[in-house]
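Chains here go by letter, A, B, C and D, matching the order in which they are written, and residues are numbered from 1 within each.
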């Protein structure tokens, strides 16, 4: 199998399942921690509930709380919940093994690693957590709009120009968070929100590789731009080029509103997926510290 | 309703749902971050899978991965998972509203806040995340045993003596992690593991209140000592005194083996539950940084 | 607790959990079997799948099939499914304990029988199965319309007139199936279908009691007429008067199209819910034999 | 692909997904109905609940009941349940497409029909219901034992001898129910019950083909004999020869105790699986009428 044109296969050895997370080192962690000056936390997750944003959108999250009511009210009482959900519900991270093409997963491994019992290559349980420099690119603010339009593509040039205008540099080992404003559409216009979304597309692959980001996240369902009615089986290409070709993680449904409001463009980014064995992704609660 | 004898009700106002997490402030966060010298991460979670340790033990976690295999192998392919689990599966945090007695929840609110649709008082979605000083008390090492025995109680005196011997102080705002060695029993002797566990009990409530810890975790199913066959409806009391009376969070099935092996007793502790609306708890992946 | 105005409480003894199903006797079964002349089966269930009609409508049914693919293709291979669903999904039967009011369930029992662990009064596991005379009332055919309108009420007079016109008598021990034509709306106009439905309402309670039917079913989500935007907490009244007051079972999302097309108005009706312990209802596959 | 040595492939046409259920005709249905003399019902299902017998055994069935408690107790109140289960839970029927080998399903179709989204060949939704002559073979009674032993094989000769002794003939179109007594072990000795089971094995394949039964059921987890610790990837062979080669349905966890107690060996057998689209099997509630 020939590697794809733009890729990081073999960069961390043939047996590597971590991809660009390899750039997270003791030195990078210490540098990221030093970014915090005020001790202020921003919660970047959306509520995880039946009516929350999910991907794929047709899935619901179910939660039921069960409890006993003893006839003796002085007895110890306890309530638990059962939740049924796609692991790509709410704010979540995609494992590198989540998508593939040409019968090949991240780092050139074959798709026989994918079965109904999970993925035993590049599953989410390999990721302990991200402790990294985070950078927010507030694209709609840069463009002077409330939010980008349906299917509008954020190009590498857009991201570079936005970073320059914000006087923030995208560096090796960063977690890059791209604001499109699309999450503000969720409550206001559900039909529009469900019809697709703006975001980067695969044309930024070389730029992502050159910048050496570890992950890219956005305030939409799948990071990349698409219009539901135009979908074809060859897309979404950025999922393929990021996860499979570059080993760059995707983080979806990230709530970037508070960071944008406060014009926080550089911060300590922390996120740890559930240690779900062989899973293709995990909901999580990322947060930013400044 | 009279408050319990040892309690923190009203300490943070009558409308408070956060409990001792109120002690987490910008200043405490900055102090905790300064504990990191090496940039080394310890993953404190157990694998979250069908055969993993769960609580209640009779529950299983289900995961199924579904995917399409197009006839065109060059097409984009994707795998997702569905997971069904009790929110108290694997390494997890209990919400303050998880347990109650006398018809009263944390801070004196009535149990009408608990319905099949969740708890709308002191649910886990109130917790953004813990960024705090963590302290490990390695009780079996202190006692010179491999692990504590079934039902063996770790008293306040035991914890204080262990802290003193380890030359580590338990301070206001800490996350206290108590190692019992019981997780080492999980793979070696499942029957013993399922029959109960060692741990602190409610006799340490005043000590916990005086130390002002924000959370207490352990390497067992429910933090506190119990023997399955002796259970009575008035127990487990520590769940009541910690969660409901003091507003102290419980963290269960924490993997403390690596920290203990390296004799790491003080560290930056980070943990963020899923933002599950109205849930009584959440699985999470806590980690330690030194 | 005083019994409701029109009711069958106590008719079968104070400990009765079966309600009108008590009318099913060896004699009634033999009589019903004698109705079959041709040996022809009509399947009365709708497909039970994620996109099928469910009640409540906002719930989805999830099914995932998991399987192994051994590297040795000659090995034994097996596929199983996991399904997560509300028990009131697809074609289903309501248990008598499904609804209540005034703190009282069928036969006057208190609502403390309902907990998160199920209903231990009048649960669906009490029902082995219906083997009974079935009667179809094809209301839209009788009225000369394709289907009844949103919220249109089928009165006792409508049912009696339809039965008379069809020259079929509604008798003691019957399962009465009322066609509204609403299921034909399901695929053609989902928005209309979700906005409510036509059907009988509580005004037919005395008529149902007098006719002594064991169950009443319809080709809609909840048997009785309603308009979504007008719902109030006192409705749906027919659920209360049928299940709780009379002990008459409800069967929902019944596919009556083939019976109507063939003008089959009298038949052997067979249906057996899953033996789900303490459940409030069950999906099932009823069928008619002529 | 060459058909297996003993098979019914092509017997009902190349596009047939029903297998031996094709033998159910208006004439066979009328004949089966005529078997009923007394109008007495036997419920043949086991309770479907978390602690019930399931297959595979390591799976649990989950049910949670949710309900609202309005502050106004006179308001309408309703309780629903969510259930998560393997479709092969409790008393259930295997679809013909449940098992395969050599890359081939029932009637010679390829295993590409099996995906994570279900089986689109010979799924359970093809089965409306069985209305057939049922025959019980009470093997332990015939052998003078309480129940057969772990892994004990019921041969074709055993079944024939038992039928002869019971003076009942196994005929074309029958549903054959084989009692091993193993269900009586379930509550008495769970460890023994989980270690395997007695039953027929693949050596009876020719006999089953010659008798032209439509289905074979038993009071155990998988109809056929096995010992858990001896399992190999080539077994269980009877699943392959019955479902895939012959098109004979399997019915598992059937409660035959009451029929055996009353020495009822011939009866009307009725069973209808849920109409679960593309599912590999379904729980159901079969019953016998005499």
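To be clear about the criterion, contacts are C-beta pairs under 8 Å (C-beta built on N, C-alpha and C of every residue); 3 or more make two chains touch, one makes a residue touch a chain.
These figures come from a predicted structure and were not determined experimentally.
The chains that touch subunit A as well as subunit C are B, D.
Looking for a copy of the A-C interface in B-D, C-D or B-C, one arrives at B-D, which has over half of the same contact pairs by residue number.
For the copy pair subunit B and subunit D, the superposing rotation over Cα atoms measures out at 180 degrees to the nearest 5. Residues touching across the subunit B-subunit C interface largely coincide between the two copies, over half of the numbers being common to both. One simple way to say how far apart two chains are is to compare their mean CA positions; for subunit A and subunit D this gives 46 Å.
If you average the CA atoms of subunit A and of subunit B, the two centres end up 26 Å from each other. Annotation for subunit A: residues touching 2 or more other chains are 62, 64-67, 82, 84, 115-117. Taken together, the touching pairs cover every possible pairing of the chains. Residues 25-30, 33, 36, 38-41, 43, 45-49, 52, 56, 63-67, 70, 72-88, 90-91, 97-103, 111, 114-119, 125, 128-129, 131, 233-237, 239-240, 270-281, 283-287, 289 of subunit D are the ones that touch subunit C when the two sit in their complex. Across the complex, subunit A is touched by residues 62, 64-66, 82, 84, 116 of subunit D.
Here subunit A touches subunit C in the complex through residues 50, 58-60, 62, 64-69, 84, 112, 115-117, going by the rule given at the top.
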